[in-house]
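All remarks here apply to the structure that follows.
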Amino acid sequence: MATISETGGKDLRHGLGIAPDAAAATIDIATLVGVLGAFLVIGAAMVLGGSPGSFIDLPAILIVFGGTFLVTTVSFTLAEVAHAQRVMLRAVVYHAESPRNAALRTLRLADIARQKGPVVLEDELGSFHHSRFLSEAISLVIDGFPAEEIERILSRESHATSLRHLRSAGVLRRAGEVAPAMGLIGTLVGLVQMLGNLQDPSAIGPAMAVALLTTFYGAVLANMVFHPLATKLERNSEVEAMVQHIYTIGAASISRQENPRRLEMTLNAILSPVQRVSYFD
Amino acid sequence: MATISETGGKDLRHGLGIAPDAAAATIDIATLVGVLGAFLVIGAAMVLGGSPGSFIDLPAILIVFGGTFLVTTVSFTLAEVAHAQRVMLRAVVYHAESPRNAALRTLRLADIARQKGPVVLEDELGSFHHSRFLSEAISLVIDGFPAEEIERILSRESHATSLRHLRSAGVLRRAGEVAPAMGLIGTLVGLVQMLGNLQDPSAIGPAMAVALLTTFYGAVLANMVFHPLATKLERNSEVEAMVQHIYTIGAASISRQENPRRLEMTLNAILSPVQRVSYFD
Amino acid sequence: MATISETGGKDLRHGLGIAPDAAAATIDIATLVGVLGAFLVIGAAMVLGGSPGSFIDLPAILIVFGGTFLVTTVSFTLAEVAHAQRVMLRAVVYHAESPRNAALRTLRLADIARQKGPVVLEDELGSFHHSRFLSEAISLVIDGFPAEEIERILSRESHATSLRHLRSAGVLRRAGEVAPAMGLIGTLVGLVQMLGNLQDPSAIGPAMAVALLTTFYGAVLANMVFHPLATKLERNSEVEAMVQHIYTIGAASISRQENPRRLEMTLNAILSPVQRVSYFD
Amino acid sequence: MATISETGGKDLRHGLGIAPDAAAATIDIATLVGVLGAFLVIGAAMVLGGSPGSFIDLPAILIVFGGTFLVTTVSFTLAEVAHAQRVMLRAVVYHAESPRNAALRTLRLADIARQKGPVVLEDELGSFHHSRFLSEAISLVIDGFPAEEIERILSRESHATSLRHLRSAGVLRRAGEVAPAMGLIGTLVGLVQMLGNLQDPSAIGPAMAVALLTTFYGAVLANMVFHPLATKLERNSEVEAMVQHIYTIGAASISRQENPRRLEMTLNAILSPVQRVSYFD
Amino acid sequence: MATISETGGKDLRHGLGIAPDAAAATIDIATLVGVLGAFLVIGAAMVLGGSPGSFIDLPAILIVFGGTFLVTTVSFTLAEVAHAQRVMLRAVVYHAESPRNAALRTLRLADIARQKGPVVLEDELGSFHHSRFLSEAISLVIDGFPAEEIERILSRESHATSLRHLRSAGVLRRAGEVAPAMGLIGTLVGLVQMLGNLQDPSAIGPAMAVALLTTFYGAVLANMVFHPLATKLERNSEVEAMVQHIYTIGAASISRQENPRRLEMTLNAILSPVQRVSYFD
């Protein structure tokens, strides 16, 4: 199923051009299936145990969900925390281009520039509306910047983009640290209340159960939501950095008027074996 | 609400100049709301549980609050620990300039210098009373230092400033490590006292409750105060380093008498998409 | 027993050439014996305890095995998780060449190139079907690339390969973090259910036992399967990087037409004492 | 109170020269007050609980204090562990020079060298008996070494000094890791003995109390002694590295016969705002 | 007592030459005393508790000792795990040369080379049978390699040696992580068995005691054997790297025909104050 987002790339081996919808929004099946599936499994265990209702307690929800949101907010700005929620969605609905597709696109541009001159690339600019980075890279080539300058500008921008993405993932990562801490604090509140009030032995069990619920919520939030999504975002950021690295190498190569076959060799050296391209054959 | 501190920057898109009050003291709403809100949530859970008074115990407060202060002091100097308390306030009342505003201010200065010569910048020096770093940067340009020298001096100063900020955040970070440890030590003291004195079973529960209070205090102090504020300070320091980086690039560019449009491109490459500026249009 | 995979290298001291089957699939005895042996030990302890059946509980298996698979999937793609399973097998059936064998092979090629010219190496290309990297290295030499260029291309490729291997090991590493977390979540579910239902004291023990099973499964999966195999993969990746480093040095040396005795000295400097080669004696 | 060690520096603003006793032994009040205060707080909690004697148990002391000493010794040499005890004292009685004072001293030497030539500095050598590093730096200048050579030699020495200090702090850091581990081992010994001997219920409580004492000792040793002192030593080492960095910059500047005003600017760039010097005004 | 291995170095201050037995096998007293002493302390606590026999349980030993060996084996090869056992011995019987002694030996060779020419060093080669690295360094000098080449070759070899040593220490480090995990797994097996079988209350205590034994074994193995020895090995590796660094600097200096007095100054800059040498006085 994961091949949905990679179909474009694989078809290319037998096709003619570059996947036109490579950068359209696709649903990241792995993320969706993973999160929903894990919650289903835990939910099934609750229902099989007989009393799923005993896992819902409003004060516990308030402490863990509200507390995690508020404490995470302290370390950032309200705008960043709101942004992190959009970013969590982005981990599910995922706009991305595969490195293989980026390499093919780069080689096609290099081929065109080789045959008709870099100025012709201006006609191609309109088709890059999905990748601002590629547009900028090609614009720099057309404007005649030297290759070193192009590499310097694009590397700096790519680096800044990675830092921004890591900061967004950092909000989730931080929330994943805060959630178990709030769970512990809630459990301690419940334990202190229960221990100060031991007259009725039959109430001890349910009180303990409620006290443990905050620890449970914290563990679920951190381990089944925040940390997995943060890891996903970091990984997506790595793929995007790879794609931007490919475009940077490509733009510098076109600017140097290198042989595109040499560019193909350079790109294949950083692509994984299954992603390697053979444009010129 | 977080937009309060960013309103200046956003208005600029439609306005004429640079936010005049960009560096005035603004209250960091996210920090204030986050800390107060989290304490309200925990307080509400205590009140709902029926006996909020059982969460206050003087020896426990002495062990955790006093012990954390004293043990943290060991690793630093009294002056640094006192400074850390001012620094905690600074996380709430926050003087800062947005990178976007710094970029606009830099471009305006570069534009003036381009049109009337760097010496005219002397007239502008008075308006930088909010940013000692910018004053120094412009003074170096006016004094005719070469661009590499300016970059070297300012980078070194910016680096030293970051190190100092990280050290301040380090005091809070350390306090956040000490607090749970003092909580554990207090709970062990309570447990040993209780276990050596088990004759009266009805006293076990309340004694356990009091023993757990130090762990509770330690968890609250570390996770709801020290660690979030330390992260906030580290983040503020990153923003300030970014602003100083922009001023450094700008001063070097003015000194090199580069075209300000080129400076705009360089600055936009390190600004996030929503912060990008278009001064020359 | 571990010498099975190293026999080739050791025989060479008394033999004539390079182990022809050095890169054939060999079973990694240490991995196989280690994993099976550890499970046997734990299994024996269960059987000696009298009731091995009490260690099997379907909901617990569902939570830990299913949950770990699903939550790990969130952070990657379905393709990567499927690939990680092939990669786990690769930790047992292990195609690899020892650094010593790679050094001998490199020296033989350098010797041939010295005596008959680099072009003759083309005849050898067919015998490298087990090592794509060596084929590429020699092709670059034959195509007459300068030594610096060869080093740059091969280093970049070797670096990219290492990153890919680390990412595969990262899937297992991540699964090793998720498994104990799912075990904790399962135990909390069991504890909450048990505590809410304390009427029948005789049921408490078995209910606790079942609740602890998820923690047990999580600890076994993480500590006896995922983390050891991830460490193994990282280690295999280091050995492969070493072999590729040897081939890179060799190809550059051949391209520079250096004396093979000098190459031998360079290679021995990075080989461990027991792996050192003395080809020219 | 912490100003005791900084009084010299602050008086200088109104004074004429450099604090003559800057490097004399001063008691580090923060360390002394912190450690003693924290022990007083814990002691008070024990006394208030009624039976301070129950916190003293000879076998527990033997396991934690003796065991921590012995196990820490394994990782180092007897000489290093003995040295670490002197080093712990050094964290209380602390010989140090403030960066501000070092900067003033450096500027005075640069001023003298500028006016009377570097050879005159020989007369000053005698007054540096408190700082071997400064003596060496000035000797190199007098001997006429080129500035790059001076920087290289002094940086290497400063780096080696930092490494040695970090190694000393590492002994305490390691002891801080071993102490809680020995506490856990002691508690496990106590628990196994207690559980194998449950006939007398009235003995369970006191036995548990004794078992917990080793955990208590381990937590106190690690969190109130070893880790805080290790952090202090690391911090002192940073201050000393800063002072040596100032002397290195100064010696190179004198050797280059730079204008001392320029040196002042360079030094102020790395000093914190409150430490800045204005020697030439 | 630790001075046994350092006596050579200290006597030299009053002696004439370099300690002839500096590299002979000496017993590392700190390691021996530390490990045996710690086990004696724990053993005494067991005996004082009355029933040392209750700390021995065959299935528990099988799970922790056997399991740790097997799981550690998974991550390495059988050869490496066997090697790690020899390496553990090496932490007790320790062949090493002090940096001070290495510096003196280097200065003597530099002095000889200065007076009689580098070729005379050939006569000295025979006396370095204890240090293969020094032999190689001097051979490179005699063979007339340029200083940069000598530095490059020796640095690479020293780096490779350090990596190998760290890998050996890594086997122990890994075993130190596995042992507590196997202890936890064993305790969980014991708890599940006990909880499923609560009919006889008098058996609960002893069953819990046995269950805790695996945790106890794991804590002892990790904290009193594996981690301390791994730290020791890493530290020994650092000392050896320092000695090799001294020989590298020395060989390059001899090759450059520098004044040995200058070499002495360079070496003293990286030696600690108590190890400094004054060969030429």
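Some observations on this one:
In order of appearance the chains are A, B, C, D and E, and numbering begins at 1 in each one.
Keep this in mind: a contact is a pair of C-beta atoms (placed from the backbone, for glycine too) under 8 Å apart; a residue touches a chain by one contact, two chains touch by 3 or more.
Bear in mind that the values here come from a model prediction, so they are computed numbers and not experimental data.
For the self-contact between chain D and chain E, the two sides draw on mostly distinct residue numbers; the shared fraction is below half. Taking the mean of the C-alpha atoms as each chain's centre, chain B and chain C sit 43 Å apart. One finds 27 Å separating the Cα centroids of chain B and chain D.
None of the residues of chain C touches two or more other chains.
Taken as a graph of touching chains, this assembly is arranged as a ring, one closed cycle with exactly two partners per chain.
Listed in ring order from chain A, with chain C immediately after it, the chains are A, C, E, D, B. Residues 1-3, 5-6, 28-31, 33-35, 37-38, 41-42, 44-46, 48-51, 54-55, 202, 204-206, 208-209, 212-213, 215-216, 219-220, 222-224, 228-229, 231-232, 235, 265-266, 269-273 of chain E are the ones touching chain D in the complex.
By the touch criterion given at the top, residues 59, 62-63, 66-67, 70-82, 132, 153, 156-157, 160, 164, 174, 178, 181-182, 184-186, 188-193, 195-198 of chain A touch chain B in their complex.
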